[in-house]
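Each of the two complexes below includes subunit A, the first together with subunit B, the second together with subunit C.
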Partner chain A sequence: MPEAPLPTRHVAEAVAAPAASRASPWRRPLLLLALAGLFALVGPWIAPQDPLWQDLAARNLPPQPGAWLGTDNLGRDVLSRLLAGARITVLVAGGATALALAVGAGLGLAALAAGALPAALVFGLIDMIRALPSVLLGLALMVALGTGVGPVTIAIGLSFAPTFAVVARQAWLRERQAAYVEAAVASGTHPAVILRRHIAPNVAGALITQAAIILPRAVTTESVLSFLGLGVSPETPTWGRMIAAGLPFVERAPHAVLAPVVALSLLTLVLAVAGDHIRAAADPLRRGTG
Partner chain B sequence: MRLAAPVLRQLLTAAAIGVLVFVLMRVIPGDVVDVLGIEGDLSEQEQQALRAELGLDAGWWVQFLRWVGGTLRGDLGLSLRYNRPVAEMIGYALPHTLRLAALALGLGLALGIAAAAVAAARPHGIWPLLVQALNVWSIALPTFCVGLAAILVFSLWLGWLPVRGQLLMPVLVLGIDIAGQIAKPLHEELKEILATPFIRAARAKGLGPGAIVLGHVLPNAAGVLSSVSGLILAGLISGALTMEVLFGLPGLGSLAFQAIAGRDWTVLQSVVLLFALGVIVANLLADLAHRLADPRVR
Partner chain C sequence: MTTSRRSLFAGASALAAAGLLDHLPGRAARAAERAGTLKVALLGLDTSDPHRHTGSIAVQQVYVEGLTSIADDGRAIPYLAESWRIENEGRRYVFRIREGVRFHNGRVMTAEDVKANAERVRDRIGRGWLSAPMKLVTRLEAPDARSFVMEMSEPYGPLLNLLSELWIVAPESEGWGGTIRQPIGTGPFRFTRWVPNELFRGEAHDGYWQAGLPRAEAVEFVLRDMDDPSLALRAGDLHIARARFAALPELRADPNIEIQFMKDTTWYFWSFNNRRPRPPFDRVKVREAIAYAMDKPGLMRLIAGEAGVVTNQMAAPGQFYWDEAIHAADRHAAPDLDRARAILRAEGVEPARTPLRIVSWQTDYAQAAAQAMRSLGFQVEHIALDDLGAQRRLNQYDWDLAPFASGPRADIFLRFIRMLSDGPNVGLWGGPQDPAFDALVKRAVAATDLAQRRALYLDAWRHAMDRYWTVVIGHAAEAIANRREVTGWRPGFTWGANRVDGGLAFARIG
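This part shows the complex of A and B:
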């Protein structure tokens, strides 16, 4: 169990942190996330061309004025497809993460609240699902649900949901036996108040941290599924589809593969950095040190 | 023997996974006859005859009991699509996956432990930065992207390696990813241990930093490795599947992917069950290693 190390060092660092860095720790990560969201929102609008428009006379062109990232194997503008794909990528990843959080944490916490037997049953099932590789699970769900933006979001969301249930259980069990909860019980605080004021914020913090870890993985999973031809429908421009479509022609038009690979790496990098800040912000012991 | 209980529970889990896998396969619309029908232009009668021949016209329960009975007897049945024994197909694919996973895990462990140990022994050099860089690398760069970039650079531009069928690039990509996951928590733990009194005692009796890290600190940090092992294992399996498809390796991942696409249920059931058993056995081994390494857990 990945227990937190002795807190003394972190507390010392947090106390010693200059006042300036105590400005809301959420500002930086939320700014980064807003940036990614904005990019996804306006991306298709600022695309210089129709991402679906094919010019078969201008296939596999290298980057040049007018087609800043070149064209792909069907003569479509790579930059326009990249920008149009950004929205779907961010939409699917964000939606899947939110779904995983809602389903996983909701189911897990409901089972914990319902008593020992339901919790044992639900978490037994969840442990089983966790023994299956998530890529295979996503693949199977994808085939079962069919292609499209909705199905791919649901498939990725459901395949990540078990991790949220487990995180919720860990946080719940840890907080329930924490010394401060014991103190609140001893001082006669009503259980509902303890739940709302003490336990809920800490469980929520753990879940937000997990969401920050899962978000970039959801981006990658969407690309892998699209790459395998199982994600959104074939005409929809996504980065995974662009990579899959460009790979057979990569020797003549490496830019058509390189552009989505770089975009994908940049997006996961930004999301991972934002996630690290969120982790710091959600952990009171690390607050002010990030 | 305290191990009996977890083993029993894991066996129960394995049995339940069998049921789960079976149900999941049946949720997928279409069967192998539909796929063959589209490919081979079979008439309605021919499709019905084929279903009867493959045993697909029987109810779910009958199919399930046939599969369970066969599997318990050690007979995995025939591939619905290729009419070859499933055991033979798995027997061919398994070594490819095991080799990739074992080499990647070995490289990742060696690289991660070495980086963390050297960084702990020399806290003022470039090494702690290397640990940090490895960590950022594995968090921010998915193996899918790194694998594709490696294909672009080393196979297509430099022409050093073929795209398909070689092991070096997938092993490096997965290994570095694992090293990044190990190095950071291990380094943190090593630093904590280095600050404890018994290390000061070792230093007082004249041991050098290398001897202290190797002889006293590393053995005490083994618990960290077992605590991240579950995460690493999940990443390793998913990563190996992705790498197999990306680099065209004929392992279990490619087999499973083709089985899903072709609705080859008998193959898919056995492959997924095998993955689940692999995860269970690996978790048991990690648990055992933890008990052996940490006297407090015994």
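This part shows the complex of A and C:
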């Protein structure tokens, strides 16, 4: 007697819980992302002081009333800079991830749709680029693009784009073998239509999962670049710059380094946990295992 | 005796003699007195060719030496030249070369070697600090083994000080015709091993002309770009290291560390774009307003803490070329934001509508300067770069303000030269091109009388001050820290790691 076929993704969805509860696996990760985004959005507005304001007579003060996380070497309020830096960090990381997804997946899928030779050329190049560490690649792009929030976002986004291209290819190859796609091909449907109507929506899940993995990495890459003095202008309060600026005085004013380190760790943790939940939500076979 | 036995006998005798050499009293005593390897982190080494250096002089001076050395008060004193006389109203210099100075390969240095080095710098190098005086040289002679003569087309006051950086290298050094790769000098240590941007090692020169020196077996310079070598110093991985001002409190608290200061200072300033100034910063009154906005005492405290001093001149207080009256007349010794705003209003400048571009290194005081401009209301764009990047950007002259600093120099002329129309690396000073200023400096350089030279330099400085080319914030002497087990070492007037009367040759470990 033949064995029952293994459930496909579509079958798994069909036997899944009723529609009303299908949204529930997304609730937790979206809540986490919303919290991170809200914190970043309102941070500068709730900062007690101007993050750029310097008081040279109040340098390296320890945490105290009026300066709850102390001041740095230029007498700037660490808490205010932390809150302002959150927006930049989240904006840059989020923007870079979105750019990476759009460029990487778009380029990858377009190359695949164009045919075997274009796909081979594009992905050969992508494989070469992927051999470089993303920070190194981001560094090289920064040198070419210059400083500023825009250039650093583009640099980080482009450095991660190859990853999305590869994920898109893997998802494409999987979906290309699906019966419904074969049926569409057999019926003479245009490749672009097949891509748009059948393949892309089903590839989206994999890409969203990848975005959830890349987002915390983009956060740390932005911090590394700003720690190295690249990216935005020196006064701009990014967490990486705060760490770099505080290091020479770490024995005298450890708070100026600890605050951004803890903030960076927490944000990365929140995004990583959100990513786990997203991966579970996007792949029903993994639901309950994330 | 047959030929073969004669050869054998000669060879054996040579071997015996070589073995005995090590046991001669002088050599044995010198070897016995030496101990350890000094580990040092000061500045880098940008070339193996001493004549082609681009400003970093900290390492070379352990393996090469000049005719003169710079004393603690900035005067030129004898080094490889044991004396000199100046004739023909400053146009002829006759140097008596020190006897018995040996290169690292054992050959005795003569006046002919000195002449060859001067000719090389004049004819083949053509740039750097020495290019200006070498253009004035009309004749170089070595009439005998111990006499070297330089004749100039006109008097040149800084010559003796600048000759402290015309280092004497044996012409048989590898690369003499192009770029010297293995310099054979006369210094207390040899050019043993160089890994660019990593390490320089110099082993003791057994035939060094100063008896009893060097006191260490070797010196190793860490050439990596260490942002803060004080940690390595405190851990015992280094013996001597440059100490950042930010690290001084922790170093002072360490009982194993001693802090000393260089005799010349680093001067801190901001410059305006003097080459292609952008409105409204091309107006003197607007520059004056910006000067009123800068908190010079606050900035110097930020830069150097208690080690800094505020002034308005390129010479530090107490130095020969510093003037008390000019210092006392400094209108910007304290900030006056109200006055700054009033001047801007009178000039019709609306800061909120005026972009101001600042180019700087990535330093805290540059950020403080930028903030001062924001407090006036300007739309500040601050571009902070590394050393090379900043120099390249400055040379584009599309900026308005540049807060920078410049370190110790062998002669005050090497500060004025940066403001000459054809000076080297003038970007940090905004690249002024003013024939009247050039003429004043030229007259100062040609003055044989010290008092007259001082007066002319001060006139030139007033000329620059009146136009607000560069506004001095203040001065601070660089700190160099050493572990207390290192004795006999003291920093000099400049970054040079060795001098005739001090430096690493005199340092002993333990």
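One rule holds in what follows: the second predicted complex is superposed on the first by the 241 of 290 C-alpha atoms of A that agree within 3 Å, B and C clash if a C-alpha of one lies under 4 Å from a C-alpha of the other, contacts with A are read in each partner's own complex, and residues count from 1 in each chain.
We take it that contacts are C-beta pairs under 8 Å (C-beta built on N, C-alpha and C of every residue); 3 or more make two chains touch, one makes a residue touch a chain.
Note that the coordinates shown come from a computational prediction; the quantities given were computed from them, not determined experimentally.
Peer 1: Considering only touches as defined above, state whether A:Pro63 meets subunit B (first), subunit C (second), both or neither.
Peer 2: neither
Peer 1: Classify the contacts of A:Glu251 with the two partner chains as first (subunit B alone), second (subunit C alone), both, or neither.
Peer 2: Both partners.
Peer 1: Just checking: does A:Val273 make contact with subunit B only, subunit C only, both, or neither of them? Give me first, second, both or neither.
Peer 2: first
Peer 1: Looking only at subunit A, is it subunit B or subunit C that touches more of its residues?
Peer 2: Larger number of subunit A residues touched: B.
Peer 1: Classify the contacts of A:Thr147 with the two partner chains as first (subunit B alone), second (subunit C alone), both, or neither.
Peer 2: In the superposed model, A:Thr147 contacts subunit C only, not subunit B.
Peer 1: Who does A:Ser233 touch here: subunit B (first), subunit C (second), both, or neither?
Peer 2: After superposition on chain A, A:Ser233 lies in contact with subunit C alone.
Peer 1: With the two structures laid over each other on chain A, which partner does A:Gly106 touch: subunit B (first), subunit C (second), both, or neither?
Peer 2: neither
Peer 1: Just checking: does A:Leu264 make contact with subunit B only, subunit C only, both, or neither of them? Give me first, second, both or neither.
Peer 2: After superposing on A, A:Leu264 lies in contact with subunit B but is clear of subunit C.
Peer 1: Could you pull out which residues of subunit A sit against subunit B in one structure and against subunit C in the other?
Peer 2: Residues 251, which sit in both footprints.
Peer 1: Quick check: in the complex, which residue numbers of subunit A touch subunit B?
Peer 2: 1-2, 5-6, 124-125, 127-136, 139-140, 143-144, 146, 216-217, 220, 223-224, 227-228, 243, 250-251, 254, 257-258, 261, 264-265, 268-269, 272-273, 275-276
Peer 1: Where on subunit A is subunit C touching in the complex?
Peer 2: Residues of subunit A touching subunit C: 52-54, 56-57, 59, 73-74, 147, 229, 233-235, 245, 247-249, 251-252.
Peer 1: Flag every residue of subunit C that touches subunit A in the complex, lowest number first.
Peer 2: That would be residues 227-228, 244, 246-247, 249-250, 295, 298-299, 301-302, 362, 364, 366-368, 370-371, 374, 381-384, 386 of subunit C.
Peer 1: Would you mind writing out the residues of subunit B in touch with subunit A in their complex?
Peer 2: Residue positions touching the partner: 13, 16-17, 20-21, 24-25, 27-29, 136, 139-142, 144-145, 148-149, 151-152, 156-157, 185, 188-189, 192, 227-228, 234, 237-238, 241-242, 245, 253, 256-257, 260-261, 272, 275-276, 279-280.
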